[in-house]
Amino acid sequence: MKRIAVLTSGGDAPGMNAAIRAVVRTGLAKGWCMFGVRHGYAGLIAGEIFTLGARDVGGIIQQGGTMLGSARCPEFETVEGRMKALSQLCRHEIEALVVIGGNGSQAGAHALSLLGFPVVGVASTIDNDLYGSDVTIGVDTALNVSLEAIDRLKVTASSHHRAFLVEVMGRTCGYLALMAAIAGGADAVMIPEKETDPEVVATELRVAYDNGKAHAIVVVAEGARYNAEGMALYFQTHRERLGFELRMTRLGHVQRGGAPGSFDRLLGTLLGAAATERLADGKHGELVGLLKGEIAATPLAEVVTNRKTLDLGLLKLARTLAQ
Amino acid sequence: MKRIAVLTSGGDAPGMNAAIRAVVRTGLAKGWCMFGVRHGYAGLIAGEIFTLGARDVGGIIQQGGTMLGSARCPEFETVEGRMKALSQLCRHEIEALVVIGGNGSQAGAHALSLLGFPVVGVASTIDNDLYGSDVTIGVDTALNVSLEAIDRLKVTASSHHRAFLVEVMGRTCGYLALMAAIAGGADAVMIPEKETDPEVVATELRVAYDNGKAHAIVVVAEGARYNAEGMALYFQTHRERLGFELRMTRLGHVQRGGAPGSFDRLLGTLLGAAATERLADGKHGELVGLLKGEIAATPLAEVVTNRKTLDLGLLKLARTLAQ
Amino acid sequence: MKRIAVLTSGGDAPGMNAAIRAVVRTGLAKGWCMFGVRHGYAGLIAGEIFTLGARDVGGIIQQGGTMLGSARCPEFETVEGRMKALSQLCRHEIEALVVIGGNGSQAGAHALSLLGFPVVGVASTIDNDLYGSDVTIGVDTALNVSLEAIDRLKVTASSHHRAFLVEVMGRTCGYLALMAAIAGGADAVMIPEKETDPEVVATELRVAYDNGKAHAIVVVAEGARYNAEGMALYFQTHRERLGFELRMTRLGHVQRGGAPGSFDRLLGTLLGAAATERLADGKHGELVGLLKGEIAATPLAEVVTNRKTLDLGLLKLARTLAQ
Amino acid sequence: MKRIAVLTSGGDAPGMNAAIRAVVRTGLAKGWCMFGVRHGYAGLIAGEIFTLGARDVGGIIQQGGTMLGSARCPEFETVEGRMKALSQLCRHEIEALVVIGGNGSQAGAHALSLLGFPVVGVASTIDNDLYGSDVTIGVDTALNVSLEAIDRLKVTASSHHRAFLVEVMGRTCGYLALMAAIAGGADAVMIPEKETDPEVVATELRVAYDNGKAHAIVVVAEGARYNAEGMALYFQTHRERLGFELRMTRLGHVQRGGAPGSFDRLLGTLLGAAATERLADGKHGELVGLLKGEIAATPLAEVVTNRKTLDLGLLKLARTLAQ
């Protein structure tokens, strides 16, 4: 009988609980003993490892966040930290580990893997900046929360003939911002992958104003050169040119805490189940993700050395549609 | 046959459309001619007055914002501005005006009233700082939007063992913040009506942390002496004392643009209908609001000279419940 | 030190958990020992009584349903059943009981009270058919869930030029249906309190169709003489007269399980806290409810012998607004 | 300059408006003249064709349903009907048509195509039973509405120790039901593609009950041999075996009218834009859909002669996870 542990690491993402549940229940169905690790790598180092039964992961599929908790763990970035983690895994006789998380988490998974411990990663981050999965667990829900906010800002903007700068998350990745802009019918978008001159945005807003639009929305990625604050500052002295009165909103951590929608529940479930199946097939040192609409595994070595690219054709589409 | 106009003024509030619809349709049912004014007092001065039929206000009851638009209008604060407004009302042969809005709007309504023009006000502002209505149109929806955000922040806070400062709207009134704190199960709340020493909050957070709570929420009114930014600044150098990692979120204009819930749709409908009925009864110079669970009218003169008070007993209750 | 127990009984209602939390935490703040009873009167008879600490009621304010569970209990309607309940209360040295629920539950509370045991009721039922509270805990959320469904039905109805019959809950009370009709902008409404001839509805729908409306909504109370099924049957053979194609939807139990909105969380909190305060003041044999916008107590004897009436003026308003 | 028309047909689906907007605006960006057809093929036959400018499709991306309206049209299934449609297209000098809809709609598109008229189909139906697109526009939102209902039913079921039969849409396709079951953490699911003996469900429910689960959910596809009504009937006389009290809910048309989430807004936008691009490239007689995570075109001839299959491996997964 196998003894498998699962942890979540890095920023929490809606759907992580669905993944935990699927890892645990597919493992139990194989007759394995399943364990959870609290607070990510920090808990692993501290030996916060405990058994998980079928009932322990009941009623969590519809909840955001992660029931296992998460934490940043600088100590795990040191050799000493990793050796402590290994010795804890050893002490609890854990035979393999499933790591649910994004870039930093999978780098940790890769490090453990290089030390010879069997690890399978599950792609989960709302930033969608992880190589090895076209879409990661949490993105869809974060996007929906952002859209809900944008829809509401459009309502109040329309009542007052205003333009809103909306800053969405995504670290150095513009995926969330670009998708929120397209799905939110935004007038302009600023992402880190392709710098946009604020003057271009000014012109677009002016044109929208002159065309009689009742409001305008500019979606700004937090990692863009001009983020919402930067843009607000830039336009402070050029206000009259825009036509619209300008307001700024940073959506912040609210984007992270939504209850997972169907997409993230299903993705979490499918990837979690697949991670357990990979282990059952004797595979490890891989990340399980969604590639071209199908569940697929990518070696962790590849994951940590490649950078996911954003389809900039969508940026052009966003502009075409913002008429 | 009567000719009645309706306008919305000041910040938009969810439920204003329900009020517009009710004013118009109850008027039409009496055989009156109903008119809308675009962009509040600015549009009134500019003569943006147009007829409203039953179909024109169809399908708006479920929409946030105001279909009539709103705007700030410094000109209306001058005698000249008001005389222009009067002359436009005269030119369009309008016999009475319904003004849907908050403090500033009802001050304008009172001013017009003093000039002899029949005006009835309808109490609507998300800030709930208007004398003459225990709860105003828009408060319930704004509160629900805030709560939704707080619920989401609690989810991500729990995953990371964090405390969140959440700043909610309300200008100089702490109603929204206090209610959001009670309904959101917050650990502390800071309102303008009663200053709280940040040190007290620090102690409360520390106690919560030591009691093993997975997260903490502090709701801060935008008008509090220490707003979210102030609090974040204050704790920047005292961080270790809190236990929790501290994060800050300002909900901003998102609170304003929600689709009205049942309470605001019903309140908007009842107050709008009541405003028309007051005019039919030959009454004016009044604000229609909700007092002790019933629709009631208060003279505008009283409305503009009194300040609504907040029940500070609720502050004590909030503290009792935050165990 | 006092020992107080709390139970929920009858149909679950969103906000019951807020009430439980408030009862418990205000009691604990007084230094009392607080207890929960599982599964309503059935659990009381079975002696399912357990202590509740501050943490036990943490994180429940935002959850629908009741953490204590509920159940129907025919046995409690017998003298033997009640004596068993009393003996369990005695065995656990409980000094007073808080009963959160609607008509049946408060009848039980009254019965216990008549036997000499101190009981305070808290008004909670989505049906809003309980004398002693203008609005009961759960009504606002149930109404919002119904409205959300009505809004969605309007969307699909508009796309297909259809009329929808929507049946909402409320037992023999038309409150939910009437309010859903007003807030949902329905074209007609059928409630138990005032029978409507289906022919009148047919005419109203025909007029709406001929006026070019894209859709029509008829809200039907489950307790109306013609409920949704009855209406669908009635119109099966008269279809052509309506113009619109007719469809039927019964919202069912979904209305009950929503996450409580701000209104129900606040009402639950205020009534729960008030119930404990009444006991602290030595009062019992009462129901705590919301009367004319304020928390007020009504003798249980009065509650069980009176029937709440529905303001039929609102029915007229609903018709006026459905232009 | 090209003259292109777009219509929606069959059941409305959330995201259709995003598709209409994308078709129109990408066409306008090419300098084409864009037209809308009202009420599907019925409007085409009746010549309800009108120009669509950029502003006409503004503010619709976030709205459910279809701004163009839809209708069933038996006449279009006749040769005469199609010839009338062709002659209307000819009369308005339309050069190509985009048909947004599901199976019936694309059969119509194919028929027009066979008559020599350039048509491109866009895959949209909440039933997800259309060959040529792994997921169609509307499925994600319908699934989310279903899940929201299931989550609510679980809340009330838990309070009362009940089992709920939830019937979801999907015609003869079990996709929605199966996905709702997996994402909703259901205990059992019944789909048309694989008959399940009610006795098996009875056993599963009994096991769940005996394992101490507080509630149970059985998702039933409307097209399953035993739909919700059939199941309720079957268990009427075998009730005691289940342990749980059994209740039934049919979600009905509510599933159709949700506001589109991000997935359907993006899918609608991408497929709509792609349809216009296919026409620009001189392609037609095709359906544009999502295949293996990418936008791809499939000949309409293939679409109408093939039946999409459901991955029954997911049924096994659903069972494994329902522990």
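Going in written order, the chains are labelled A, B, C and D, and every chain counts its residues from 1.
Simple rule for what comes next: a contact is a pair of C-beta atoms (placed from the backbone, for glycine too) under 8 Å apart; a residue touches a chain by one contact, two chains touch by 3 or more.
As the structure is a computational prediction, the values presented were derived from the model and not from experiment.
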item	value
Relative to subunit C, chain with the most remote C-alpha centre	A
Subunit A-subunit D separation of Cα centroids, rounded to whole Å	28
Separation of subunit C from subunit D, taking each centre as the mean of its C-alpha atoms, in whole Å	35
Between subunit A and subunit C, centroid-to-centroid distance (C-alpha), Å	40
Touching two or more other chains - residue numbers and ranges from subunit B	151, 154
Graph class of chain-chain contacts, one of line, ring, star, complete, other	ring
In the complex with subunit B, residue positions of subunit A that touch it	8, 12, 39, 63-66, 69-71, 145, 149, 151-161, 164, 214, 247-254, 256-259
Residue ranges of subunit A touching subunit D (in the complex, touch as defined)	18, 21-22, 25-26, 28-29, 54-55, 58-59, 61-62, 134, 140, 143-144, 147, 151, 154, 179-180, 182-185, 211-213, 261-263, 265-266, 269-270, 273, 290-294, 317, 320-321, 323
